[in-house]
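You will see chain A twice below: alongside chain B first, and alongside chain C after that.
Right, the complex of A and B next:
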C-alpha cells in the first residue's frame, strides 16, 4: 500500500514541498528559530527541544505502528536506515559539537535563516563548508571508515527481543518520565533572558 | 520576557504535529523528513556542473556525474524549499521576521558568527558520516524505531551535555 507516491514522480516533489512547509512551520512556531532557546536544553533554562523532539518521535512511531497493524504501511517498504555503529557514533560526536558550538542543527538553521537570523545564515554557510570538506577528503579520510561496523537494518525491538509495540510503549514511558524530570530541573534553574 | 515566550506554540502540541507530519511523510512518500541531504545534493549539483571531469573521477561525486536526474531535482531539495516557506509563514504570523544576529549579551556579534560557522562545519561533516542530521537520521530514524536513529540522537545529546560546561560562557 504505502508509499502512496512512486519515488521520482513529479507528484513526489510536490509532496516534498508540501511536507517541507509543514515541517518548517512547526519548527519555527515551536521556537527552533532561536539558538538561545535551543541550547537551553544543555543549561537547563529551556527544555523545548526535548519536549518537542520526544513527543514527535513517540507520535510518529506510534502512528506508523498503527498503520502497519492496519496493513497500510509495511516497514519493509518504507525507509528504515541501516545501522553503521562506529560511523554513526563518530558522526554523532561531530554533530553534538556542532550543535553545542553553533546552537543549531541543519533543519533549524534553515528555519532561523529564513526569518532573518544572520547567525543562522552563518551556520548554513558552515554546513556547506563542512560537507564540501567531507566530499573533498572523502577518499583519504572517510570512504573506508564509513561502511565499517554494518549491523544491517536494525530496529530497537530486535536488540531487546521485544515486540515493536512494547518497545514503543517503553520509549513513551521513558519520554514522559523525562518530561517530568526536565520540568523539575527547570524550576531550580535561574531564568535566562533571551 | 514571558511575552516573547508565550508567542511560541505549546511544545507538546508542536511535537504531536511534527510527529504527524513525519508519519504522513513516511506513508505518502516512504521516507521521513531531512535537511542535511539537501545541502549535499546542492554541493553535488554544483561540482557536477562546474567541474564535470573531476566529478566523474571522484569516488564521492562519481555516482552523481552519470545520474539521469539532476541532484537539484532531488526530494530533499524541494522539501527544504518548503521548510524555508513554512518558516517564513510562521515567522510572519508571529511577527518574528527581522534581520539580526542573536547572541548572549556576554559575547559580541562577531564571536557569535564565528561560533556559528565553526558549529556548521562540524555539523556538516558529522551529518555525512552519520548519514543524516538530527531530523533525517535522528527523528525520522526514531519514527521507524531504528537503532541508528536512537544511537545518533543519544550521541548528539550526550556530547552536548558532557561538554556544555566548556561553552557556557558563550550562551548563558
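Right, the complex of A and C next:
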C-alpha cells in the first residue's frame, strides 16, 4: 500500500502545495498567526504551542508505529535526519531567539503574512535577511562547524536503550501529564486579550 | 469537554501500551530484503578513499580499518593500522570486537568493493552498527591516492582535491616510492629466460 506519494514524480510540487495549504490552515485554526499566542509560552500565559506540538508528536509517533505494525507504513524506510549535536544547539538558540523577538516561527510567519499581518511581513523579510547572512558567511563560519559532533541517526529510544514501543508509551504518559499540568496553570491565570 | 479529553487520553495510552507490549514481547529483528538493499544503497555507508586517507593522516581515533581479504593478501599489502578479518571469519567470536561495537567507525575494504560489500551486508543483517565500506577498495586507493591524476576541469575544487591527493601520495609512499605490494600495481617483470647457445654445428666449423 505504501508509499501513498512517490517522491520524484511530476506531482511533487502539487502534493507540496496541498500539504502546505493544509498545514497553513491548521496553524491558522490553532491561532498561530497571532504572535502573542506563540510568545505566550515563554511568558507563561498561553500553552497552546506546547499542546499542539505534543499532540503532533504523540499522534505521529504512535500512528507511524501502529501503521508499521499493520503493514501500511514501512518504518525502516522513513528518513531520520542525522543528529549534529552542537550545530543543532546553536541553530536552536538562533531559532528560539527569533521566535521570542519576532513572535513567529518560519511557518506561522508565512501563514500570518498571508492574512496580511505587517509584523509577519517584517518577520519574513528577516528570514530572507538571515538566509542571506548564512549564505554570505557560510564558508567562514558554518562550513566546518555544521558537520561537527555527528552522533549519527539517533532516536530517544537509542539514547535510553529502550524498545521503541516502550519509549512511545513513556512519551505518551509524559505528554498527558504535561497537558494536565499546563491546564492547571492556565486555570490560575487571568485571561489575556489578544 | 472533560469527558472528551479523558477519552483521547485513554485511547492514546491504550495504543501506546499495545505498541510497548509488542515491541518487548514480539521483537522483530528481521530486516526486510527491501530495507537491506536500501540500507546498503545509502551513500552514508560509504567512505571515499580520500576520506580514509584524510582520517589516516590526521590519526582519527575513531577510524578502524578492517581488511576482509585473505591473510595472504593482507600480509602482502594493507592500509596502515588495518586489521585482517577474512570474510569467512567475519562472525567469529574473536572478531566481534571489530564488527559488532558502537565506538569506532569500522570501514571494511577489499580489492574492489564486492567483498567489503558482502561484509557490510552480513553485518547489517546481523544488526551491527557503525560499519562502512571504502568505495572502490584498494584498486581505487592505488589509482587515486598512490597515483593521483588531475581529474576534470581546472578549477578550485579539483585543484584542492588534487593537491590533497598529491600530499597523501607522499604520505603513504606512493608515486616514486614503491607501494609495498598493492593489488593492482604492475608486477615486476619476469626475468627473460636466457637460451643456451647451441654449439654451432655443420658448416665450415
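The definition used in the following text is that the second predicted complex is superposed on the first by the 187 of 194 C-alpha atoms of A that agree within 3 Å, B and C clash if a C-alpha of one lies under 4 Å from a C-alpha of the other, contacts with A are read in each partner's own complex, and residues count from 1 in each chain.
Heads up, the rule we're going with is that a contact is a pair of C-beta atoms (placed from the backbone, for glycine too) under 8 Å apart; a residue touches a chain by one contact, two chains touch by 3 or more.
Computed from a predicted model, the values in this text were never measured in an experiment.
With both structures placed on the common chain, the touch criterion links A:120 to chain B but leaves chain C unconnected. Set against each other, chain B and chain C touch different numbers of residues in chain A, with B touching more.
Residue contacts after overlaying the shared chain place A:92 against chain B, while chain C stays out of touching range. Of the two partner chains placed around the shared chain by superposition, chain B and chain C are both touched by A:77.
In the superposition on chain A, contact is made by A:25 with chain B only, not with chain C.
Look at A:172: by the touch rule set out above, it reaches chain C but stays clear of chain B. Chain A uses residues 58, 77, 82, 164, 168, 171 to touch chain B in one structure and chain C in the other.
If you check the complex, the residues on chain C that touch chain A are 5, 9, 12-13, 15-24, 27, 31-32, 34-35, 38-39, 44, 130.
Taken together, the chain A residues at the contact with chain C in this complex read 58, 62, 65-66, 69, 74, 76-77, 82, 152, 163-166, 168-169, 171-173, 176, 179.
Of all residues in chain B, those touching chain A in their complex are 1, 5, 8-9, 11-12, 14-36, 39-40, 42-44, 47, 58-61, 69, 73, 75-76, 78-91, 94, 96-104, 109, 112-113, 115-135, 137, 139-161, 163-164, 167-168, 170-172.
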